[in-house]
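In the two assemblies presented below, chain A is common to both, partnered first by chain B and then by chain C.
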Partner chain A sequence: MTKYLKKPETGAFAAFLLTYVFFALATPGTGFVSINGTAGWLNLAAELGIVAIPVGLLMISGEFDLSIGSTVGAASMILALGTNQFGGPTWPMIVLALTAGGLIGLCNGLVVVKTKLPSFIVTLATNFIVIGATMGTSRLIANVTSSSIFASDSAKMVFAFRWGQANISILWWLLIAFIGYRVLSRTAFGNWIYATGGNEDSARAAGVPVERVKITLFVATGVAAALVGILQGIQWNSGNSTYGMGYVFQAPIVAVIGGVLLTGGYGSVVGIVFGTALFGVISSGIFYTGWNTDWIQLFLGLLLALAVLANNYVRRLALTSK
Partner chain B sequence: MTHPLMELRNVDKFFGSTKALKDISMQVHPGKILCLLGDNGAGKSTLIKVLSGYHQPTNGTVLFEASETRFTGPRDARQRGIATVHQNVGSIPLMSVGRNFFLGAEPIKGKWPFRSIDTKKANKIAVEQMRKFGLTRVENGDQLVGTMSGGERQVLAIGRAMYFGAKMLILDEPTSALGVKEASMVLKMMRVARQNGVGIVFITHNARHAMSVGDDFCVLIQGEVAARFKRNEKSREDVLNLMAGGEDMTALEDDLEQID
Partner chain C sequence: MFSNLIKSLTVGAAVAMSSVVPAVADNDGPILVVSGPLSWPFFAAVKQGFDEGAETFGIDYQYIAVTDTSNMTSDYPRLLQQAISRNPSMLLVGEFFPDGMDPLIREATAAGIPVLIHNSGQTLWQDNGSIGFIGEDPFQMGYKAGEIQAEAGVKLGLCFNQVPGNPTVEERCNGFVAAMEAAGVETIYQTIGTGDATNPQAMTQAIKGTLQANPGIDGIYTLNAVPAMSALRAVDEVGRKGDVLIGTADLSNEALIAIKNGDLAFAMDQQPYLQGFMSMQVAFQFLNYGLQPIGHVKTGPLVIDSSNVDATLEVNKKHAGVRGAS
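Up next, the complex of A and B:
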């Protein structure tokens, strides 16, 4: 029993289950538990989940990324201006958007590693720089800050396909979760992520390239944020500089709810996935109860506070013998 | 007669005009424990950093395995088989024993894209290795290092260095923060390592610990070698007096008594 209590994902799983059962019981006959209702909360969770996984890994390595919000918007605007104003082909523009995301991550990583400034403040600055640059450039080029996207049919298949109510982004989420799980729990690189966040000096002394670990994770986070921008842009047929601003704090929140320690060194991808699913259930469940959606924030805040307390407890439990 | 594993000849280390080490000569032999004794500020830390490649000496020569050597950095020294185990660092509390043991040299199984850490193997070797050095309490390689005591962590770190082929171990105050039982476990482990032919530099300010395992002794005072002797050549009082800077410990004790 205590063996499971010590795992970082246990709290998130229990909270997810309780919340799901609560909403299922509180909204009888409204279709919350139906296939369409399930697709609804999965859709909400999926796009957040795609960025939350690399953000969570980054937090385990001891760093933050608050620039994800503006990267989502920037990627969608690159796609919009590229396919609309410049009439470019879709796929090369998608590659361009992903590359831009990777470059933003690379800049974050290099600045954090070279200056040793806290990544919290560095990436907060990047967030403003990128959204400002996106809006300014869009205005210069097309005098807009949002614009239509003309995606090819093949791109629509890959990024905006729907089965009933379920978006293809759910599959993308599962794919990223699977990759994240393999990397963190099964590869040497995953071991280095834990070590970098657990004790940077010891990790370096053991020969772990901590700088490379951090930079790689920043790049992965940037690319994942750009992927979300592409998914949203093609689904809604438009790009907007302000897409994704909600993720800036939602992603670290669901990572912490999923059992990632703010101090780094502990956490799991399974936990982050349940933390994100919990977020989807709350955001979508509130609609079914007919309550005002303002309550979502209150719920999230309470959950975050509870999660931080629970994580502290789990860490202490994990550090007691046997 | 085998040549020493490592030798310093007339080594000085200056930081600006501060002379941290003056004319240090010493030899580390394979299968021997050299105890470096000294009070705080005697230059022990600087000497460790010269031995482990962090610092290059200002004057003098370093010989490793009988050839003159200039380490380019700690990594260089480590690759030649010089392992340093520091007092606090070396293990990561929230990671398992197996993962800590193989950190930076993880055993890999399978083919890309399904290559993964061979956790079973890592855990098994880590537990075996620690058992070899007398640590039997840790049976599960999945156990987090944070659940282990300070002495057990030292055993893990020393066992790790030995497993990866260290020829020389530099142990920086490995027993000073430990209780009596824990310290004796680490001291026993040092004896096992000595039997395996490893040369050990044991830095300590605990004369009793030093006397119980040391073969050669070197007392540092203000950056200089104040005394050098072999096992059983000096009594514990003599050693304590030497460490206190030549002042008579009994005189100091008398002073203390008068305060009461």
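Up next, the complex of A and C:
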């Protein structure tokens, strides 16, 4: 029992459960707990979750990535301009968008590792550079900052398929969660991530390729952000350079709710998944309550604070119990 | 590299100038435009109007706007202050945030800088010394949307505002609510967390939840074309497609196609391109000939519905971005 309690995800799971029960009780007869209501908050959580997992791993290794927001928008615009203005085929454009995401991550990683500047500042700069470049380029090419996407049927199948109201993005989320889980808890690379974030100098002394760990995670984050841009773009038939800007802070927030330490070295993928699910439940469920939405951010903030407190309490309880 | 770009732009403008008639008169300062963020398709169209106006009349100008839209209320007065301090030959301003911007405009006009207001500020220009106003009245725009919905028999209308705290955008909801109230129709006003203003999935789930919590809603007015698509999806997901009348402010290709398909009832076009182009025209004619329009020049709302949607879609194909969408 204590073995499970001591895992970083236990607090996140408890907080998720508490939040879910709260909204289930606060929204009687509105269908929040129905299949369609569940599909709703899962759709919301899935898109955030896909990028939150690599962001969380990066945070465990002791780094931030705030450039995800503009990478999401950039990927959707690459797909839009490629398929619309240039009339290109969908799949190569998808590969191009993912490559662009990976390259943005590579730049972040190289600059952070070579200059030793805080990644918080480096990636914040990248966030501005990428959205600026996206807007400038798309204005230059097509005189627009958002544009229709014409995706092939096979691409729609892979990125925008729906079972009832559940999006295929939920499967993508689970897939990436599974990969993240395997990597973090079953591989040497996973141990390196913890070691890098725990104490970088002793990790290096012990032979951990700290630079490679960080650069790999930055690239993974960029690719995941581009994937979200592709998913959103194909789903809404439209690219927009501002897609994803909300994720800049939502992704680290859900990682922290999920038990990742802001200082690095501690956290789990399952925890991040529950943190994201909790965020999905709150930001969707709050509208089912029918409360006056002028107060919405106040409720959101209070519920998040409560969830983190509950999470923290459970974790302390777990760590002190024998 | 950037200075090269500016140089080549200036050279380009000079070439254009020699082909058109007189250059801008005595005042040697630049023409400065303080207008909306280019990340919004709407202002991308406004800028296209400015650009093509400047080219047509052979004048040079600089477009000033925020890139980060999270602190616009305090950023815009600062941008305007900086623009005034450069002593421009003329200022073309979108007065989005009157509390901070109006005192600055008064300073500018008192110092003899001619100011022309566009897009927002329709109730203020006559008192702050500006020479005129070109744009929409957001309240009237929302009011028109409310009238259309009330006439169509809507019993409970929802106004969905994805950018709470922006007074101009909020006025559209206020107008919508006023028109509905005048017709005896009830309304609900809904906002969303600021981080989700550009996330169509989050907006869908928000509207879906509100529809579930208020089963009586049978009309939705959104303030931008992106949330309009979210509203369509949300109505579909709660199984009320066809029972809820959806209309929106502003255009996008998707919104126009939805109008064509009969899913979206209307979109309100305030013709952003005209706001930019006509501002440039007035600037040229004012600076050179001392001419100015008398009174408020209205560019909106032009209601786009099934009767005129095909023509609009056709323009979008030929001239991307001009209608504020593509």
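The rule we apply is simple: the second predicted complex is superposed on the first by the 286 of 322 C-alpha atoms of A that agree within 3 Å, B and C clash if a C-alpha of one lies under 4 Å from a C-alpha of the other, contacts with A are read in each partner's own complex, and residues count from 1 in each chain.
Here is the rule we use: a residue touches a chain if its C-beta (ideal position, glycine included) is under 8 Å from a C-beta of that chain, and two chains touch if they have at least 3 such contacts.
Since the model is a prediction, treat every value here as computed from it, not as a measurement.
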- prompt: Any idea whether chain B or chain C touches more of chain A?
  reply: C
Task: May I ask you to decide whether A:Thr126 touches chain B, chain C, both, or neither, giving the answer as first, second, both or neither?
output: neither
Task: For A:Ser146, decide between first (touching chain B), second (touching chain C), both and neither.
output: second
- request: Pick one for A:Thr320: touches chain B only (first), chain C only (second), both, or neither.
  value: first
Task: Kindly classify A:Ala206 by the partners it touches after superposition: chain B alone (first), chain C alone (second), both, or neither?
output: first
Query: Is A:Gly198 in contact with chain B, with chain C, with both, or with neither (first, second, both, neither)?
result: first
Message: So in the superposed three-chain picture, is A:Gln232 touching just chain B, just chain C, both, or none of them (first/second/both/neither)?
response: second
- request: Using the touch definition from the top, say if A:Arg182 reaches chain B (first), chain C (second), both or neither.
  value: first
Message: For A:Met245 in the superposed arrangement: first (chain B), second (chain C), both or neither?
response: second
Task: Sort out for me which residues of chain A touch chain C in the complex.
output: 27, 30-32, 36-37, 40-41, 43-44, 47, 84-85, 128, 131-132, 135, 139, 142-148, 165, 232, 235-238, 240-246, 249-250, 283-290, 293-294, 296-297, 300
Statement: So, in the complex, the side of chain C touching chain A is made of residues 38-41, 44, 48, 67-68, 164, 189-202, 204-210, 212-214, 226, 229, 237-238, 252-254, 320-322, 325-326
Field: chain B residues touching chain A - in the complex, by the definition given at the top
entry: 74-75, 78, 89-95, 99, 102-106, 108, 115-117, 143-144, 146-147
- prompt: In the complex formed with chain B, which residues of chain A make contact?
  reply: 182, 186-188, 190-192, 194-195, 198-199, 201-203, 205-208, 261, 265-266, 315, 318-322
